[in-house]
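Below: a set of structures, written as structure tokens.
Heads up, the next two complexes both have chain A, just with different partners, chain B and then chain C.
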Partner chain A sequence: MSFPSFPPMTASSTSYQNTMTAMMQPASTNDHTLIGRIAAQGKRSLSLRSLVATSDHILIGRMFIVLSLLCAFATAVLGVLLRIEHIAHLFRLRADHYSFMVFDDPNNWFRMWTLYRMSFIFLVLLPLLIGLGMTIIPSQIGADVLAFPRAALGAFWCWLIGATIMVVSVLGGGGWGSLYHVTPDNTDAVSLTLLGTGMTICGLLLAALVIATTIISLRETGMSLKNVPPFTWSMLVASVVWLTTFPIVIANIALIYTGLHGGQATSFAVSEDENIWLQLDWITEPPAVYALAIPALGIILELLYAASGRKAPWPTFGAIAVGLFGFLSIGGWLQDFFVAGNLTADGMPVASDPRYQLPYVVFAMAIMLLVFAFSANMFSLPRVKNTRTASLTLMLVAATVFGALRVLEPFELLESTITTSVFNALAVAGIIAAVAGICHWSYQLFGVTLVPEKMNQIILILLLTGGLCLTGADALSGVLGADSFVLLPEVALDVESPLSSQVEAQHVSSAFVQTFDTGSIAAFLTFASCLGLSLVAAGLLMLSIEALTTFGRTPQQVTAHTPSQEMASTT
Partner chain B sequence: MKTTSLPSPVPTRPRTVLIGSLLASSATFIAFCSLVALYVRHRQQARIVGQDWFTEGSLQLGPASMMLMTLLLSVVTVQWAVQSAKTEDRPHQFMALGTTLLFGVAVLNQFWFVYQDVGLAIDDSKAALFFYVVTGAFIAMLVVAMIAMIIATVRSLAGTFGKELANIVQASAFFWHATVVCYALVWYTVFVTK
Partner chain C sequence: MFTAGFKFFFKLFVVLITAAIVYGYTSGGNHVGPLSVGWKGGVGDHTGYGILLALATVSLVISLALIAFRDADAEAQAELLNVDRIPIPPQRAVKASWWPTVSAFGIGTTVIGLVLHPAIFVLGLATVGLVVVEWTMDAWADRVTGDTKANRMLRNRIMAPIEIPVLGALAVGIVVLAASRILLTVSALGAVLATSVIAVIILAYASVYVAWPELARKFIPELAILACFVLLVGGVLAAIKGEREFHHPESSSDSTLYETDTDDASETHNPIDGNIDENHSGISDTSSVES
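Up next is the complex of A and B:
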């Protein structure tokens, strides 16, 4: 016998009991409880007008989730294409043939390489977790609505329009810089990409602001911040970290945009390089990239609490671990512009300084301690929840351990593909967290059990296997000496390029080829990572289809699947 | 009846608009600090290689200091508006909000004068680019703060009174204070240390 997922027993016991009571009763039209509102919303039917003008936080959250899941699938497919190109390149090296198979020229490849990273952050992980937060948090803290419901809707549309502009402009020849000079031909497209990125970030920041304000000021009377459920706490920490990190990106974008149109070269890196990407890539690297995974920690704790049926032995410990994780992921200070070329008093690069390395080691330790503290509970959990928690924890541990290895001096992996591995591990961990959250809270989100248990298992296995394959292959490549900027270099060298990336590309190429001896191991590892990403894409496709189908359900179907009926059918 | 047996008062939650304003102000302040940090770093690099950042005498401290004084005065009038909203003193509230807006317009006017006086084109040098980006960001922030003040005034004119209006005025005032702090940063980094 299997039971549908219910909200966890948390500190918000009053609202929890209300929600449980509401769930066990058939929905009626004048029912103001959670399920009643979902049913009522369904009865109104999802017209375009309701999507444009709604102030229902559940619907706004659902829109964020469904669209970001579709973006996740598209991004994973893009990643697979990039890897296929890389494999093709590695094989063609032997034949001295430098043409591109999937993308026409190196600049296109570079544009897609950057789009893959930016898309995972701004079109997938952040909106997915924000959507989950918008839907779940009010019910967890006993609030009826979000703090600024119209601002939440505005945030969604700002994000959607910005994201569309961003993707279309990149496909139209824009992007975050160029391997060559940003020429007058593509200045407009690059400007449009920057505008789209700015709009996307503004939308996400507004959503984060709404969530943080809701948690701070709309909690149930008597519920202190100490007593809020772990997911709510993690979203508060994450929102504050995002609000202190992403404005720095907007400032950089404003400067780059003005520079592009002012006629003065946009040279922000120490090397006086005009590559815009060099000024923005810090958000895809540790520690800033860890900020994307903060809500995942909250979801882990929620799953553990719900599955064990009791509160954790040291709830404050979990809250401190999440807070520490958030604090250490503030990464604006680590822009290339500020740290590259800086030397310590001993003449060593700043990156080799133990003080620089400490936060990463602390990251790994915080996660390890978290895992250790709750591992005793894990063995007694039901199978499904154990799989969710274990896969999520495993990906997060992989990300933090690789992050720590990356900066420890004896290994010298700072500029290797282990950086990509950390990014991918966190991206997959964030997606698994969202999947676990969506399945766990599917009643609040969709009014039904979104994914049947068997399919849920398959999706999780696909994501976990794919994630481990992807990150493991990248990490191993890094250990064997592959550089993080694994461009398709010989092709780039054929073209007149003023960029220092070209010099870097030459270096990467030689290092890559020498280390892997004509690319046979490199090809194998790249194939492994490609396979991993394909598995992730397959998992995302299954989940996207389920979410999309449920989003468009007719009211009768939604109301027909009340929790009591679901329980009866599963018993 | 003993007072100790009375139920404890219902805890008051922090005000929603004020919390939202606080978070928005913090995010804007961080973006601004980031711009100023980039400005300082570029200036430092230019000086290390022996380049002039701004040519001697191109930036005058006088008008910039006058703007700072104007904004410091506006801090007082903003708090006057907050106090008036709390005590529901309508005439004083209108007067305080109006004076604050006037100070805001005066700063915009002074900035226009500074731009005319400096006479730099945005593509003259890297220093000019940074100058216009940093001061332009401040002007954008000031305009947003003024719009918030106008909204508070309009709500007041429309007859909204009581705690809700006091919260709106207080939230607008918080953003205004953040704007003044940002200008103090600009004044020191751009106009004093040049």
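Up next is the complex of A and C:
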């Protein structure tokens, strides 16, 4: 078997340009170049065996994308159910004061609420963007393969099995904590949830490592880091940030697991499982949650380059902006572990001192303004690409604006539902980024135009409208004084003496109702957010169906989507 | 001489280390603490100083790595190799392999075993250990010669005598352990039904295999994977739910069949023939009864 080989080049030649030009040529099925091999895949049937043992990065990337799209739809539906429960409380639709309409009791509601958040991070956003990166990046940097293709396959299965263990154990009574006091009955299930989460994260970290290594070591000779396309650069930054952030979560999980099984390994470990979520929720809050959206910036720049047919002004500045965004989204230092022992000079907990978050917000705002300025010339672009870029930019700007409002001292919104709105805005922005990327590179991913233009418009409008409804309603609720749902476990912990489980459940139900009963405006806003999430779910369903039906197809032709290629194709 | 990547990351290092020092002094650092990483004097706010210092260190390491490997700079590489033309390093497509997937299943089994049962944990560890050996051998065999067929033969000559018995034992172990969890959880009738259905499926598959061997052979891996997945998920659910309650027979004569520790330690009932074993050996002297 021969492998693709490009002609040797002299030190002064521009092999990068030549190779990219070669990659634009139509595929021939009997050649042994990258294009030929990929085109030849079209003749092979896609069997379960090939999914299990493949070393083809395009197929591995597609498996990540399709499964995470399905997870995204399921997660959005779960979010809708959670909000329906919320609405049932606000509109008094329940049989009695303590009963629940969708979920059995507050504890189940809390378990699903945590599952919703963890799923969006570990089952949707990260695998979606990693899948996109695995598929696109090798062709962007002139590589034929990923750095460790077998490790990439191992990462996928590690993620899938870990996610299965995580979700099954949550549905079986586990979860990341409980509203009630210590519950020995579900210790095993909680342990499985923790270990499943750790395994899922390990799989994703391995995939991030593969991507980072590919970018650093497999770039074509002559392509320095300064010349890599924006999406590749953003994935490098994102991979490094994820590799520095998520091992902290694994360490947290190890400490919690040790504490849960009776061993106080360190002063941080706890033995009461209701504290679990409070130790892990920092990954769903700013600034750590912004790390999920780093590749979205790269996709924005990539779309602008591609659509305008020329490089945007100050490309280096754009790369620095992406790097800064990544640098500022490192958030392990704000986790709740440090609240008790790590106080500021004024005696305030680090996590609640706005000054520690203000610099981040200033930088994030600056970067968003920069991106907005880049988008200023997009009005002359084709309509679909215009919609993609505008939707993505709008959601990212919304996320950073809400993040800024959250920490500004006069508003006192640090522990309000605006935190939820930031999370949801970034989740929807990440999904829109992935959708834009999938549509933009659909030939490389699926061999066809995945979504027809009209449907593309509909999906994007659904996602954008839904996202704005969802995040706007949550932000407004926060401004009107609604507390963040994260406070629920603390409410439950107010029970001082050991109580019977029935009394305890009633107490928690009562606290739950008090948290939600904030008047008719709150009811209206919750209804709006539910509607928004339903629209997002509808958009995801359409995209999932389209991706599933085209999953078996293989790419017919690979076109490079680097800025220089886009310029060449435009001219 | 210095590549673009090196210059970028080294400048970043300088900016970050300067920021760390300034931050250290402005947040309460004294003497030469911020300059000496706390060796002589305080560094001020530990969190901020630590983050900036860590990022500076990472930037320095990346910049050194980039200059060491010449950051894909053709001219620099040519100068390093003392040649005019740079040979393009081959990017070999690796062949398909089951081991990454098996390793993920092994890790999953280990995770489940850590919570549920030591035997499952050991089984998972054994699987992971096996994968380490197999994956290493595959990686070695991929590069041992330029001929793919010869590579495969070399690999099989070393590994086949080991992997066939070990894999067979592992497969049986996984099936037995996971299936036992499920059968112990469902009702007695459910267990009977489940085993009957499985038996029928195996019989049906065997019949198909005899009739159309080529067709059946195609689906062996698919069926094995599906079965593993079903067993894994079923095992987790069953273990979370716990074993069903086992009711011992109430009658006095039957209860002796299950109870070996009686209040009166001098008398032990022999479960074989119901006679009392006075020697506590579990084997009664039947000849004395006959006499």
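Quick notes on this one:
One rule holds in what follows: the second predicted complex is superposed on the first by the 440 of 571 C-alpha atoms of A that agree within 3 Å, B and C clash if a C-alpha of one lies under 4 Å from a C-alpha of the other, contacts with A are read in each partner's own complex, and residues count from 1 in each chain.
Assume a contact is a pair of C-beta atoms (placed from the backbone, for glycine too) under 8 Å apart; a residue touches a chain by one contact, two chains touch by 3 or more.
It should be emphasised that the depicted structure is a prediction, and the values quoted were computed from it without experimental measurement.
When both complexes are overlaid on chain A, the residue A:E453 reaches neither chain B nor chain C.
Using the contact criterion defined above for the overlaid structures, shared-chain residue A:G222 touches chain B and also reaches chain C. Between chain B and chain C, the partner in contact with more residues of chain A is C.
By the document's definition of touching, of the two partners only chain C reaches A:S55; chain B does not.
Once chain A of one complex is fitted onto chain A of the other, the partner contacts of A:D188 are limited to chain C, with no touch recorded for chain B.
Applying the stated contact rule after C-alpha superposition, one finds that A:D105 touches neither chain B nor chain C. In the superposition on chain A, A:L255 makes contact with chain B only, not with chain C.
Once the two complexes are overlaid on the shared chain, A:L205 sits against chain B while remaining clear of chain C. Once the two complexes are laid over each other on the shared chain, residue contacts for A:T213 go to chain B alone; chain C is not touched.
When both complexes are overlaid on chain A, the residue A:P247 reaches chain B alone and has no touch with chain C.
Residues common to the contacts of chain A with chain B and with chain C across the two structures: 216-219, 221-222, 240, 244, 338.
Within the complex, the chain C residues that touch chain A are 3-5, 8, 27-28, 45, 47, 50-51, 55, 58, 65-66, 69, 71-75, 77-78, 84-88, 90-101, 103-105, 107-108, 111-112, 114-116, 135, 148, 221-222, 225, 232-233, 236-237, 239-241. By the touch criterion given at the top, residues 10-11, 13-16, 19-20, 23-24, 26-28, 30-32, 34-35, 37-38, 41, 45, 122-123, 125-126, 128-130, 132-133, 136-137 of chain B touch chain A in their complex. Contact residues of chain A toward chain C in the complex are 1, 3-6, 8-13, 15, 37, 47-50, 52-55, 143-145, 149-151, 153-154, 157-158, 160-162, 164-165, 168-169, 172-174, 188-189, 191-192, 195-196, 198-199, 202-203, 216-226, 240, 244, 327, 330, 333, 338, 342, 345, 350. Within the complex formed with chain B, the residues of chain A that make contact are 147-148, 205, 209-210, 212-213, 216-219, 221-222, 240, 243-244, 247-248, 250-252, 254-255, 258-259, 262-264, 267-268, 270, 332, 337-338.
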